[in-house]
């Protein structure tokens, strides 16, 4: 089976979790990336969910962040007050994953509306815990499909701030962005291409970005997924619910 | 056996709990009064302890507010944060008991020091939860042995405010004071003798009070403990740990 | 039992949830009380404001049925699937009528319930700085650190008129115990003026009192206890039944077409007397497919100190 | 086990509690870790500040042994008996040396730990108005309600250098479970820079994971796990042993006379290698008198969703 771009994204995200301990997990690709990392580069990774589950060890692929299989056999299951207060706001979260409908060059994220807030063209889910995560996690990983509609010059709404002037608090903000085209880091607060996935050209990246994407001088090609990585990953989602 | 002044105090305090639901209990006399009331005038009384125990049903006479027998068979056992936040500060406590080393005419209480705070003659336990109880319980019952040293003109230290100008918050403040001599209510914020225990004279009350105690025009003699009250009470403390 | 608060869903909703009420139905992915939501629809309640971190299918149904006129929330969607199309039609096109939104983040909503449950006039949190949320919701305000540190934000207390809380087991007096994800059910109950506990099963006081640390909500704050086994379907109750994921996918199709929603509401809510009928209509096969195996907690010994 | 944090009390106290540390030993009447207090004395620690809502006999012992130079507290006494005479001598007569006091109320202390555990710069509470406590403790400050209601008070976060938490059972990795009165053990642990978990028994991960709602403290914040059965004597551990009330009465006599305290410390702490020796010295008869009968929690079913 050929390697899908989703598989590339998951494998690449997992690699950046090397050595990480406490990870705030989202459902779908982040969950697969964390589960893969736990089996490869981060054996001590603790899966923490905003639903209040700490140290999950799910016996099946969870289909929501509150899946009952996340609870069974977890280390601890707490109230959301405790999860957001004692873990996230306290500064215990090393890495947290966020998705985005729109992201800008500073890693600020919109998950609230397309168009005007008062009368949106598309009403999106909103923050959930994203704004707290963006401001309190040590490092934020953003997983998003890259296109001129998602990598925009100006967000319709700032749900979760990235590297912007007002940013304060203990969180370090966005650290890594992984898309189907490449991986990005932040240099002085600006998103910067650091590696291109196999077969992807810089022009494809520029065409998929509404602003002039900065490029790291040491930009490299992302290593393709190894056999071991692929086998482990595909065993995590045998029905390819998320690997489609 | 003749009726001791402690028995009189417990029985009288219990009578004032008629119909009460949620009661913040202290150890010793308050615990006996609440247990007696539950068997007589307040069958629906819920015993709540600052230790976090709600709806206790102790199988033995508890010797501390955290006695393990209070936990076994309780309705709920919570953290102190929840007890003080969700029960007391939320305003769920109908009646709470406080003791005192010194009390003044407004029902303000000192349980902190005798003498100067910085260099006390006698260091007392301090507030514990008393100041929160005084400000947040609907009604406060004060149980204290009355003498010129305890019923003072001016407190050495205001631990828990009574009916004083600054008083705010949802609590109604001191409502009833029971001593070995009589029972007192508060009229426009001033402690006022409302009943004299059997055989006690007004002069005994005046002699045992450092200020000029107000007297309710309708002052009566406290009913002596009935046989049923005494039997129930003595069965609660068969070894007379607190009924001495 | 002398102090039994057990009643029917019809009676509890009818007497405790007047039109215009601010109603909290919490449960984070877990213990979402669809049975109460359906009874609100069945009784054709009007002008309710729904407080819920994650308005999901139950909110889409309440919005489509015209029961709710407002949402106080932090995340809006069909979890793991996509959009709430009925809710979106009302927000994006006022179709058939507008839906008022008061929007926070998860921690903001939890902090609002916590302030409301604690008798606090506000709750402080390290959030919102740099976000547009305070711009569109003026109730989210910046406050100073009295000790001179950097400013933070505050949210006001949330005190619903009534909170509907689904739990696994409760006593007839309303002492409620939950295991698995507790979400903010406790805070929403203590914050509310009235509390309806809906349970999978009523148990004896002795069961509750055998494990007092497990009690999430004391009977002292509970007004009614309703027994509704399966009442969280299509969401789940830990240890009782699984989430019905196919239904979440089906709803994505249904909710795109208001005619399909009307037909669904007619078939599954209006034409049924109560949730017991819904449970029966779903059928034994569907329920057995959702039944988990056993995984019991290791017991703890509280000790006998008599 | 790969990630075992199990070590000896000597090693844990020796390596994690340097002289001058701010140390929290909580446990409200329940789970008071005397075993750790005695090891602090045995190692002749100096200049410690003890944070504890209710400094009781363990505080009197630490004060008499010259281990602590300050208390952060809310209630001071021998519960149900009377005074802490060694502590009072130091406060009232600086005998043999002064003891610095930073005084709050119970809710104030709990709020301080909660702020510290939550990364908040302060915690608001409805207390203190009209009390002299803010006058003698300037860290208790009045704050405004940002929504225009009446002012309330705030306390600052409390973040001990190390928190020592006694629990009934823990995994080798430090996941700790408690039943009975939890006090503010959880908040004191999350607030601390380092955490020592002392347990009645180490259990397998499977036992912990069979009931994740019971976990009070996750291994993620724990630095050392010490096994010290009976380590709370003369206080108690729910389901394991009762409070030794006669000892609380004996201490009232002992603590009135510094020579008697010195003799007691010599006999029961300095001359013993560790808490195991203390346990043995107490004798089987004393322990059997403190043993409760059984009262097990009704199990709950988390379900198997594999």
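All chains are identified by letter, namely A, B, C and D, in their written order; residue positions are counted from 1 within each chain.
Rule of thumb we're sticking to: contacts are C-beta pairs under 8 Å (C-beta built on N, C-alpha and C of every residue); 3 or more make two chains touch, one makes a residue touch a chain.
As the structure is a computational prediction, the values presented were derived from the model and not from experiment.
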Determine the set of chains touching chain A that also touch chain D. C
If you average the CA coordinates per chain, which chain's centre is most distant from that of chain B? A
Where the centres are mean C-alpha positions, what is the separation of chain A from chain B, in Å? 57
Express in whole angstrom the distance between the two chain centres, defined as the mean CA positions of chain A and chain C. 28
Between chain C and chain D, centroid-to-centroid distance (C-alpha), Å: 37
If I count partner chains per residue in chain B, which residues reach a count of at least 2? 53, 67-68, 71-73, 77, 89, 136, 170
Junction residues of chain D, two or more chains touched: 114, 119-120, 125-126, 150, 180, 182, 186, 210, 213, 238, 242, 292, 295, 302-306
Pairwise, which chains touch? A-C, A-D, B-C, B-D, C-D
Interface with chain C, chain A side, in the complex: residues 27-28, 50-53, 63-68, 71-73, 77-81, 84, 88-89, 108, 112, 117-123, 125-132, 135-136, 157-161, 164, 166-170
Which stretch or stretches of chain B touch chain C in the complex? 21-22, 44, 46, 53-55, 57, 59-60, 67-69, 71-77, 82, 85-86, 89-92, 136, 170
How about chain D: which of its residues touch chain B in the complex? 28-30, 53-54, 73-77, 79-80, 83, 87-88, 91-92, 103-107, 110-111, 114, 125-133, 136, 150, 180-184, 186-187, 236, 238, 242-243, 245, 292, 295
Using the touch definition up top, name the residues of chain D that touch chain A in the complex. 3, 114, 117-120, 175, 186, 190, 208-210, 212-213, 215, 218-221, 302-306
Chain C-touching residues of chain D, taken from the complex the two chains share: 119-126, 141, 143, 145-147, 149-150, 152, 154, 156, 168, 177, 179-180, 182, 207, 210-211, 213-214, 238-240, 242, 292-306
